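So that you can tell them apart, the chains are marked A, B, C and D in the order they are listed, and the count of residues begins at 1 in each.
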């Protein structure tokens, strides 16, 4: 029998993969994708909870999360394009002026 | 049957996730991500959230990931991994932290902390009205304000993206 | 008439104000009239006040006029009040009288100068300050005058401020005087602490009727501190070095300030505080010894100097030494008497030398003079009177006063004082006539261009010379032994210390008249011997001094360089202090204190620099910290409550 | 009429006026600022004339609630000690503004800073609520920091930061001590208040006094500045614009000494007695050290700055003589120093405007070109030296008499400072004004103009006034100073008696009788 815990563990695995990806990759776009992966993991746990608790709020929240993800993707990719245009790279290790 | 499907899809999602983070070519990474999303969409159906599953495929896998691929190709990035690695020493701690993170979450999951109240939307009830219709109802009644705010958010994001990406204004 | 005493101060002040504020726009004549007129009026009032005082019976000759309360704080009270008694009335006569003559002289002397109004402004201010010094009825008011005359002296020495030597001399005068004032100020504080008042009358009556036993420690310290002030102002060892340098000022200034009035302030102060000084035999010994040593020391330097004004400066120091010797042995009257006669003849000599310098277009070196007596006869004659007076030939003024001092030093002091005094008297006669012969007699060594302009001074310069010459002749008759007018006049001030019985005429009576007469003969002989020697060396055999200098080379150089005292002071005080200060600044201030302050700053900065490394600027790095933080937050916030 | 508030906040009103002006119309801005400060000065004059010299009680008191939950009041008032410091502030400010006519960079902001500074300075002197005091204390720091940092010389940033951090470092300790007092007062009386007059009645144990005294003294000693904490002063002075230096020397330094008189002595009398030797020796070292270091400076402003260290050493010495002459002399000397050193900075500023250098070696023989200027310079120099008849003497002499009464040794050593004063001032004067002109540039200098004349004349008159008739100042402070001495003496006795059997707040309340020192405030407005 598949319980909520199964889904949550899967969600945790995917989320952790996303975290590790953010920490080890240097390509800004891939990091971005890892963030999407984390969002998906969270969505999964929302839906799982909603299903097992007989609630609709989880599903609705996923809906909103997706909107946010869409907005974020649009702005984030625009930023990446802008940065690339200026620095000819999307390697975030080349962009390290965030220390002042 | 349900269990088999879950395990298969879970395995596909995790495997794609692992490939995603270790793949050198961003195009392939994006494709692996799409694969993860599709498998998650299947899981949504298993959880009887058909509308979300559909949106997942249409919006995420369809729209957002296409945008990603579009940008990757627009920038015409090199296939090989980025030359500069300023933090080589972070790799192992990062993986360790990932494991620690996972362990901690698992401990939380095993505890009885995550106890929710059961609502009235049982599977039978949802199925009697229809998942999509129910969501639609809720969105335009109880969640109208957040819904409208979402539209503003998207509008702002669109403007922001244009502002950022445009060469000169 | 005594009530007019305030006017004596007011007139010079008005003169100062007029010349100082609008003098630049006035014509030179007006400036001169204002300056001389104010002092003249002041002199006139002084005479009136003096007469007013004479009208009172001798025992009641003390008048005080309170003007306003000056500084008052708790029990410390200092009023601005004026005090007229025989001593101060005599002093105001000298100050305004001699001052008036010198003002007139200055009109001629300073006529060409661009700073004409400035000069008279300072000169009037000086007169005001000096009058304040002598008229003040408490120590603090005296101290104002004391410092203010120092200021005027500073301004007038540095009158030709463009000359480096002049401005140096001015600064030196002020600073050296300040060293003395340091002692004076402490003395005043100690007086206040001891007597709870700084009023002359209160302090002195408390001292004379109080429980202060003679020689008590406090009184000795007070008097010594005040004497320190006197050594500064009156140019005694060890603080005399400023006076010779002060000759950089205009010559009338040297006459007024550095011969007749200001430098005698120390003597006046000791005479004024005679009550205190009589209580401390130790201090009296110090005063007398310092006076005697200075008299001899300065006279010996005066022997070889070639600058006409410097000779007179050392002579002044030497004569001031005499006055202190007199005060030190308790013969205050003799001291004040010599102060007066010295004011006459030394002012005369200075003005005479000024006339010479004027005639020679500014030449001061006696080696470039000679044979001037026919060219400037009035100057010569009056100068001769002055020289005879200072040498101590009867019946000139200097004879009586100096003779009295020598007598007193023998009677009240000891033989050593007398010998020192007598030797100094011999040297005095010698160097004065050396000066006279070198300047006015013999062959002319005047340089050609100066010779062309050689001329006798105008009337407004020779008139004061003549008057002063007359005073130098007649002034002594006030103190003829046996019938001393000045002695009985000053008796109320110096009385009450068993003084009258010894000083002046009474001394003669007391200690057998033959001693007095013998002394007169001896001192006359000493003076004549000095003059004779000078005549031999500088008139008859002008080559002799050179030979002697060659023979006693070491001594000659020592004297010519003034015993190297200036150099010694420089090496002992000035240079080390400068060096220490530079070290303090560079090492202690910039190095240690500021160093440690900046060091702390640098420490904080360094520590921050290490912490800064956490901020790599790499987003991934920051994300890593966030993850670590999340883990810890979950551990702390959630796991604590976990129930399995 | 709430005259004190008027004096304090009128400059702020002026600030709003100036802010509404076009920043290009600098002449208008200058004139407005000047007018405001002059009006403030004239409003402050009645303080002097209507001041009741017979009482030590605070006068012109205003008391309003400000932050009731913390017991903070807007509580202001003056006594004979603060009276002259306020007058000095309102007197110096218009002069400084007039002396800033040549400022062309950001005139608007400059004048705003000046007026805010005036508010801060006056506020410090009138506050009777310790919280309010602290607010003003920090308030006046900011415009001064900006004045140095924006309109200063080449090393202005370094100097401004040093000034700011130095003062802040001290203030932090003071803030701690203030909070400690607040809670101690609550423990003793059960009332939360920052009222200084309430604090005066506290009976603190010696250990508490000791540490609180140290905290306050540290803040004030930096501000004075006393000997080892003085190094910010030369830097700040050298870099500050003329007006900044004038206000810094004229008023800001007085806040340190004022703090000692207002806080340290009456609040912690026993500790103050204990600290007499420490503070006195610091003062004496400051006098001698300041004089010596001042002597060898080659920069005019630095010379004057170090001379301030020396002069303020005298003030501290006088205050810690603990007798009426010493403290009255100290207060007089505060005013004197404000006038003479302020004037010296003005004069150096005038020289700087003409020659754009402050190095002594670049001058020499200026008397010939600038005779009127030379006269003023000479008078100020002499006043700084302490020549009798001018103001400096009165303060210095009273201080020395007071010190001499309590400790002869201290006075004897300190008196040698007057010799040093003559040396460094006159040597400087000689090198600047006397001798021959060696630099060609100096031969074409102009004598002082009307504006500079107007700046210097009021100061000269005051210098002579204090020197000749100091009683018009001394009499006003008598009652307050006597009361201060009584507080210091009596409280020290009371405290030492009660020292041992200290049990609880109850006992303390009985020991210190409740007397209403301040009549309840009138707040009609």
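As a working rule, a residue touches a chain if its C-beta (ideal position, glycine included) is under 8 Å from a C-beta of that chain, and two chains touch if they have at least 3 such contacts.
Because the structure is a prediction, the values reported are computed rather than measured.
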Reaching subunit D from subunit B through chains that touch each other, fewest steps: 2
Remotest chain, subunit A as reference, centres from CA atoms: C
Interchain centroid distance [CA atoms averaged], subunit C/subunit D, Å: 38
Whole-Å separation of chain centres (CA-atom averages), subunit B against subunit C: 102
Mean-CA-position distance for subunit D and subunit A (Å): 62
Centroid spacing, where centroids are CA-atom means, of subunit A and subunit B in whole angstrom: 6
Sequence positions of subunit C contacting 2 or more other chains: 616, 618, 620, 624, 627
Multi-chain contact residues (two or more partners), subunit A: 19, 23-24, 26, 93, 96
Contacts with 2+ other chains: residues of subunit D: none
Touching pairs - complete list by chain label: A-B, A-C, B-C, C-D
Residue ranges of subunit C in contact with subunit D within the complex: 68-76, 118, 140, 143-144, 146-148, 151, 154, 158, 161-164, 166-168, 170-171, 174-175, 178-179, 181-182, 185-186, 189-190, 192-193, 577-578, 580-582, 584-585, 588-589, 593-594, 597, 601
Of subunit A, residues touching subunit C in the complex: 19, 22-24, 26, 31, 92-93, 95-99
Residue numbers on subunit A that touch subunit B, as the complex places them: 1-2, 5-10, 12-21, 23-27, 29-30, 32-34, 36-37, 40, 43-44, 47-51, 53-57, 59-60, 62-64, 66-75, 77-82, 84-85, 89-91, 93-94, 96
Of all residues in subunit C, those that touch subunit A in their complex: 612, 615-620, 622-624, 627
Contact footprint of subunit B on subunit C as seen in their complex: 616, 618, 620-621, 624, 627-628, 630-631, 634-635, 638-639, 641-644
